[in-house]
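When the chains are written out, they are named A, B, C, D and E in that same order, and each has its own residue count from 1.
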Amino acid sequence: MAARRRGRAQVRARRAARAAHGLMGRLVGRVLKAPGSMPGTLEHTGEKKVEKVRIRLIDYDAESIEERTLASIEESFALADDPPVTWVNIDGLHDISVAEAVADRFGVHRLALEDVLSPTQRPKVEEYPDHFLVILRMLTFDEETETIGSEQLSLIVGATYLFSFQERFGDVFEPVRERLRHSRGRIRSRGTDYLAYALIDAIVDHYFRIMEDVGDRIEELEETVLREPSLDVMHRIHHLRREMLILRRAVWPLREALGRMYRGEVPHVTEETQMYLRDVYDHTVQVIDTSETLREVLTGTMDLYMSGVSNRMNEVMKVLTVIATIFIPLSFFAGLYGMNFDYMPELHVHWAYPTLLVGMGALALGMIFTFWRKGWLGR
Amino acid sequence: MAARRRGRAQVRARRAARAAHGLMGRLVGRVLKAPGSMPGTLEHTGEKKVEKVRIRLIDYDAESIEERTLASIEESFALADDPPVTWVNIDGLHDISVAEAVADRFGVHRLALEDVLSPTQRPKVEEYPDHFLVILRMLTFDEETETIGSEQLSLIVGATYLFSFQERFGDVFEPVRERLRHSRGRIRSRGTDYLAYALIDAIVDHYFRIMEDVGDRIEELEETVLREPSLDVMHRIHHLRREMLILRRAVWPLREALGRMYRGEVPHVTEETQMYLRDVYDHTVQVIDTSETLREVLTGTMDLYMSGVSNRMNEVMKVLTVIATIFIPLSFFAGLYGMNFDYMPELHVHWAYPTLLVGMGALALGMIFTFWRKGWLGR
Amino acid sequence: MAARRRGRAQVRARRAARAAHGLMGRLVGRVLKAPGSMPGTLEHTGEKKVEKVRIRLIDYDAESIEERTLASIEESFALADDPPVTWVNIDGLHDISVAEAVADRFGVHRLALEDVLSPTQRPKVEEYPDHFLVILRMLTFDEETETIGSEQLSLIVGATYLFSFQERFGDVFEPVRERLRHSRGRIRSRGTDYLAYALIDAIVDHYFRIMEDVGDRIEELEETVLREPSLDVMHRIHHLRREMLILRRAVWPLREALGRMYRGEVPHVTEETQMYLRDVYDHTVQVIDTSETLREVLTGTMDLYMSGVSNRMNEVMKVLTVIATIFIPLSFFAGLYGMNFDYMPELHVHWAYPTLLVGMGALALGMIFTFWRKGWLGR
Amino acid sequence: MAARRRGRAQVRARRAARAAHGLMGRLVGRVLKAPGSMPGTLEHTGEKKVEKVRIRLIDYDAESIEERTLASIEESFALADDPPVTWVNIDGLHDISVAEAVADRFGVHRLALEDVLSPTQRPKVEEYPDHFLVILRMLTFDEETETIGSEQLSLIVGATYLFSFQERFGDVFEPVRERLRHSRGRIRSRGTDYLAYALIDAIVDHYFRIMEDVGDRIEELEETVLREPSLDVMHRIHHLRREMLILRRAVWPLREALGRMYRGEVPHVTEETQMYLRDVYDHTVQVIDTSETLREVLTGTMDLYMSGVSNRMNEVMKVLTVIATIFIPLSFFAGLYGMNFDYMPELHVHWAYPTLLVGMGALALGMIFTFWRKGWLGR
Amino acid sequence: MAARRRGRAQVRARRAARAAHGLMGRLVGRVLKAPGSMPGTLEHTGEKKVEKVRIRLIDYDAESIEERTLASIEESFALADDPPVTWVNIDGLHDISVAEAVADRFGVHRLALEDVLSPTQRPKVEEYPDHFLVILRMLTFDEETETIGSEQLSLIVGATYLFSFQERFGDVFEPVRERLRHSRGRIRSRGTDYLAYALIDAIVDHYFRIMEDVGDRIEELEETVLREPSLDVMHRIHHLRREMLILRRAVWPLREALGRMYRGEVPHVTEETQMYLRDVYDHTVQVIDTSETLREVLTGTMDLYMSGVSNRMNEVMKVLTVIATIFIPLSFFAGLYGMNFDYMPELHVHWAYPTLLVGMGALALGMIFTFWRKGWLGR
């Protein structure tokens, strides 16, 4: 009973841990909005992941670039309306007043804002009269735990501004910032839609890195399975399969969203940027293809594990059988002549014992020969 | 024979229990209408789940709200025709005269009414000249039995009235009522279609709760499988997989119905509400995605269980094999020198016994070494 | 050799039995028309299942109804042309002259007639200038053998006549006839298309009964699997899965055909009847959903069986291992001191025997304790 | 080493055999055209299967019919251009001059001709200005080896001529010829498109025969599996599954081709013949349905086999466990009192031996009772 | 610890090897462009596979042909603009200046060029105003390692020029060159689109060779599995399944691309060439069909392996059980009469020993008979 009670306590502790980092936490988000609460209610439903909201602004045109950190979101508004491109990057979602201010100022629909704030949305693109909203997932791979982290990135893209919201510090956009700073590749002479493309491209590129990491683990597992199939390997296979599900949930809907964008169904996207988006779209398809391939390889590895296990079992059984089958009959004969009957004439025959020994040897050899022919004596 | 007869009686008892709570009861409904009975026959085909039909009316516009329980359905009719929104919630379907009265008064088609009264319909939306009918399923999760309960909710939505029918007391609409009472979020200044949306949204939100509960159980099962794979765990996996089927049957058709509603195929739904319905639609898609993911995780957990079981079997076999393989040859030698032949010269050699003991020890150690090298002696 | 010959004879006998009742008989029909015979050849290709063709006529309009059995099909022709609805029900297909007479009189296409006469057609609807043809399957469930019987029903529906063809006596239409006799639900004031609907509805309703029966068996099987997984259960699971295939082949194509009918692609169907057909269509979809769910439950039950079996195997192995592992070493020691060496000093120590007994007991207890800690001694 | 070398020689011999009759031979054809050879090169890429090309001509109209074997293909050309229908059947493809002559005379496209000559094409229909080409597969079932043979049949159908090419003598068209000779069913008064239909119909009808044969084997296998699941049965299941793949590859693309023909996408096909083609199309769908069903039954049979095997294993293990568990402890006690210690007081107790015997009996009975309660002693 | 460290070192070494030849290397390419680098950056992202870029030019029209190796790409530009067809084949991609020069001269879009240079693109066709780009994969099969190599081939096809880029020396185009040199089949009188077709056709033809090779291996494996199912076979099955994934990734997207080309969605392709492309399209479909069939056969072979293994296990267990079951009871009786009780009357009966021997024999025979009836004594 005590053990059971202790078990329950452990279960509760484990549940709490899961709440933050487990599968469900990553799938539907832990802190859902209160059930039935008013749709369009502004409420951040994820965990609070940074202490203070950080607001970084990059304002540029072909000639100049200005980069600074803002104390309050309102500082950005004047610039955002001006024709050159203004990119405001907001790290941290728990202070909903920031997002709310943006929404009020640029006429962002309440439902769109609700999506930005609930951090387990499916990737999607939604178009509104003055801007469009892109939601996608930024993935990271933790080498230690072999776990894929999934963070939501929301882009609100208007004619002259791009607001990007994320939960945590740290992103994959540094190279984009570098290109902006050094005006490489004419990025500064293009509009907000191209900037949005550049960010999405950076994220999808990172998916390839993750897939490479996962792929390496899978190949490692394959080799381990060939050498020594332990239950531990099986757990890692199961774990990686689960992580692949996380990856799939990030990429499949993104492909759909990008498809709509490159086919011109989203206004605000120029025809030239559409061509670039088709390129990212193709990459997404490649990510999907590769991840499906990896899934199949994982499944195959599991089959391999299973057959390795039954093979080992077989080997164990063969050893047992060979030993038992050889010695059990011999032991019987030994036992036979250990009996204490008064009348056992064989016992008094002089050469009986040596003869028996020879007979036993012959029997053993015969059996060994039989097993050898059956191929049971190892390969 | 007696055992068999007793078995049959048990089977019959179990069948009766299943009739009320089993899988089939939840899938096709127990008491189907009499076969071949006139289509459009008004007949309640579910179990009688509440004693008395309860009729609650909420009548509101932007300025005022009135909430009361009615003695008879007819009281609501005058209000229902008036422009401000009238929501009549009917708990209990066994008294078909209530539904019939509604149907007669507002010109509800007999087939629609039949659907309302047979409580195992697939979720769907059907449009009629003066109103539209939405059928969807309200799910509950019983923590104790880990069972998903499924209750039918039917909405008949006209320009100024919304009738909601359900079988049991208790629903997930309290927050909606609260918002109505306190006029939060402008809900009171919108029409019946928005009210319908709010109710559907409350139900879909509840699906997330259920999925979280189920997801927690699944993660718990995963851990249990890793620690100690018992047959009991397997039964729970099987059980949860079955429950996921119930969930799927509720959500898949709903997605379809919501798709038709937000794309404007259903009249009476204003364009603004369509935008909100697209939001619920997205949630439904997310529910589906997550439930598919959970199903795959369950399948993976089963594979894990299977491999855990064969691993344990392997371990058992190894123990047997190691012990038997070491001692069977030794026992043979012991038996050999227990024989009673007159002429067994070894028996009379002075150091024979100690020599044999040493030989036996060497043999045993050699075998143990072999097994250790094969990795059979635990890890 | 004799055994083999006897075996062959049995095989032949079994084959003949299968011809009539086996899977293939139900799938493609036993007696196909002679290969390459003229398409449109009138030939009944099923077994002869009734002695004499029975022709029943019901002629009705809103005011009156006349019901009688005809001696020859020609008697019905005059009535069939008259405006009130005439329903001619033909039981037995082997006398092809009946069908031929109908075809000649009402201009039924030869290919249509061929379909009516070959009793393993897929359900479908085909429209012709003056009438349309509906083929569907009437299912029955034999409680004893747990087998689904499948009989073809063909409806030829013109403006004023409906001919229904079936192979055997006995159908599920009695309630429809009752409604016609008592003019319940205005059925008598509607046309032939509504009558066709009523017949289809009766058949689809009966599918629900069958699914309930099958579902009950499946739930019974689930419980049996939990209690005692025998090979017999496995056979029943396999059998039911096969029967589900028969069900699926009846329902899937019917859904398609009904879809075409309710969407107005088939002339002769009035708009009002279309609404009713949509209702049956919905039921068909529900049948399909439920049958898919049942299939998945069956698959799950099989997994359950498999894991039950390996669990039992595990238990058996544990018992063997525990017993063998405890006693094999003890037996060795017993054997050791049963040896007859002249010089075995232990044998002459006075307390040696009791000491050995105690040692053996300690060894056994140690092993039992080890097994208990491994959880091998039952749960 | 020698064994290995012998093995390699066998492998090579087996490969050669496979080239002619194996799976790959049937899938992609053995002798592919030289890689990169000019597309449209006329070259027969199959094996040479008949010694001499046989050319049979049937020329008919409603009044008369003429049937003869031609020495050279050119003899047919004059007739082929004349309005009555001319059917030229060519058995044997290795003499490509015949096909070439036809192509030159009637303007058959080089690519079409290449398809006719490479005998592992997928079924398809291709339309050209003056004629259309139908490629389909004639299947045969070898009862002895349970193997499905697949021969290509190509039809070139113009307004007044139909050329049919096949590799071997022997086909399924004799009934069609009979109907032509006796002018049954107005076949002679119709055009080449109807003749093409009649030939396709004959081939599809033959698919049913094959499916019946295969289905019979499958049902036989099911029974065998129930009675005695040997590895041999497993091999036959695997073999039949492979053969079903051959069938599927013949039928799926044919359905597509027929669909295009009956929907009027192929000119030269009259509307009346389209109706007949829809009939064959339906048959093809039925073949596909049935073959899918058979595949599922096969899969189920494999599961049955697997569970049968593990059941037998279980039974074997139980026997071993019961015997070993009963006798191993008894043997221990026997061994115990076979020890030669000087001081073993029990040995000198008079009733010790009978008491021990009784104790042993009780122990054995107790164990048997335990096993009986566990249900291990048979069923 | 040391072992573990050594293991880690091995893992690292293995990873490096995989980088070049492993699955991931073939799936996503090893050296991806620096993350977030400017899209359209010209950078070769594959390994450097040849020392020096080789540029071969073939310039031809119906009358003449000129073939030579160029020192620099610029030499080709004048010819490329001239009406007769100019085919420039570039082996080696690491010197990006070559590709860049082509791009600058003929207005190739930067994104297209990026695709050409990153050697793990999915096959696709992309149309631009002046040319179109085809990317496809050239496969090779290494007989020794049973591995499919995959090299990217990019075609840039303009009105008068065709540039083909590949990473390595060696291709499958020699027959095309031969046809060009000897002007077989009018290839020289056609345009660049036909040349593109000829190259694609040569590649797809080569897929058939590969599939044949793989198919032969699979059939070999099938036979091996039937004769002696070793773990090694299982590994080869797993390996071939993985290789089939590589094949699939090359062929599926190609089918799509070819579909777009033959349906006329790509300008620059004449109607006549479209007909030829449809032919290649058909071949691609056939490759896909066959590869799916091979996959199913592989899966079946795995099932066969598994059942073979459990069958062998069963056999092993039977041997053990038969031997143990016969001798364990006998040994017990031998042990029984080896006991040293003072009072064991049987020991002194004269015929006891022979009687016991006969009894033991009878017991053994009885057991053997039982096993024979159960069919455990071999087949």
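Rule of thumb we're sticking to: contacts are C-beta pairs under 8 Å (C-beta built on N, C-alpha and C of every residue); 3 or more make two chains touch, one makes a residue touch a chain.
The model shown is predicted, which means the values in this text are computed figures rather than measured ones.
Undergrad: On the document's contact criterion, could you list the chains that touch chain B and likewise touch chain D?
TA: Shared contacts of chain B and chain D: C.
Undergrad: Fitting the CA atoms of chain A to chain D, what rotation angle results, rounded to the nearest 5 degrees?
TA: About 145 degrees, rounded to the nearest 5.
Undergrad: Pick same or different for copies chain B and chain C, depending on whether their interface residues overlap by over half.
TA: Counting shared over all numbers used gives less than one half: different.
Undergrad: Please work out the Cα centroid separation of chain A and chain E, and write it as a whole number of Å.
TA: Spacing between the chain centres: roughly 26 Å.
Undergrad: Just curious, how far off is chain C from chain A if you go by their C-alpha centres, in Å?
TA: 42
Undergrad: Where does chain E touch two or more other chains at once, residue-wise?
TA: 310, 313, 317, 320, 324, 328, 331, 335, 338-340, 344
Undergrad: Does the chain-touch network form a line, ring, star, complete graph or other?
TA: ring
Undergrad: Going by the defined touches, start at chain A, step to chain E, and keep going round the ring. Which chains appear, in sequence?
TA: A, E, D, C, B
Undergrad: State the interface residues of chain E toward chain A in the complex, per the touch definition above.
TA: 11, 14-15, 18, 22-24, 27-28, 32-41, 109, 111, 114, 120-122, 124, 228, 230-231, 234-235, 238, 241-242, 245, 249, 302, 305-306, 309-310, 312-313, 316-317, 319-320, 323-324, 327-328, 330-331, 334-335, 337-340, 344, 346-348, 350-353, 356
Undergrad: Using the touch definition from the top, list the residues of chain A that touch chain E in their complex.
TA: Answer in residue numbers: 172-176, 178-179, 184-185, 187, 197-198, 201-202, 205-206, 208-209, 211-212, 215-216, 219-220, 223, 226, 275-276, 279, 282, 285-286, 289-290, 293, 296-297, 300-301, 303-304, 307-308, 310-311, 313-314, 317-318, 320-321, 324-325, 328-329, 331-332, 335-336, 338-344, 375-376, 379.
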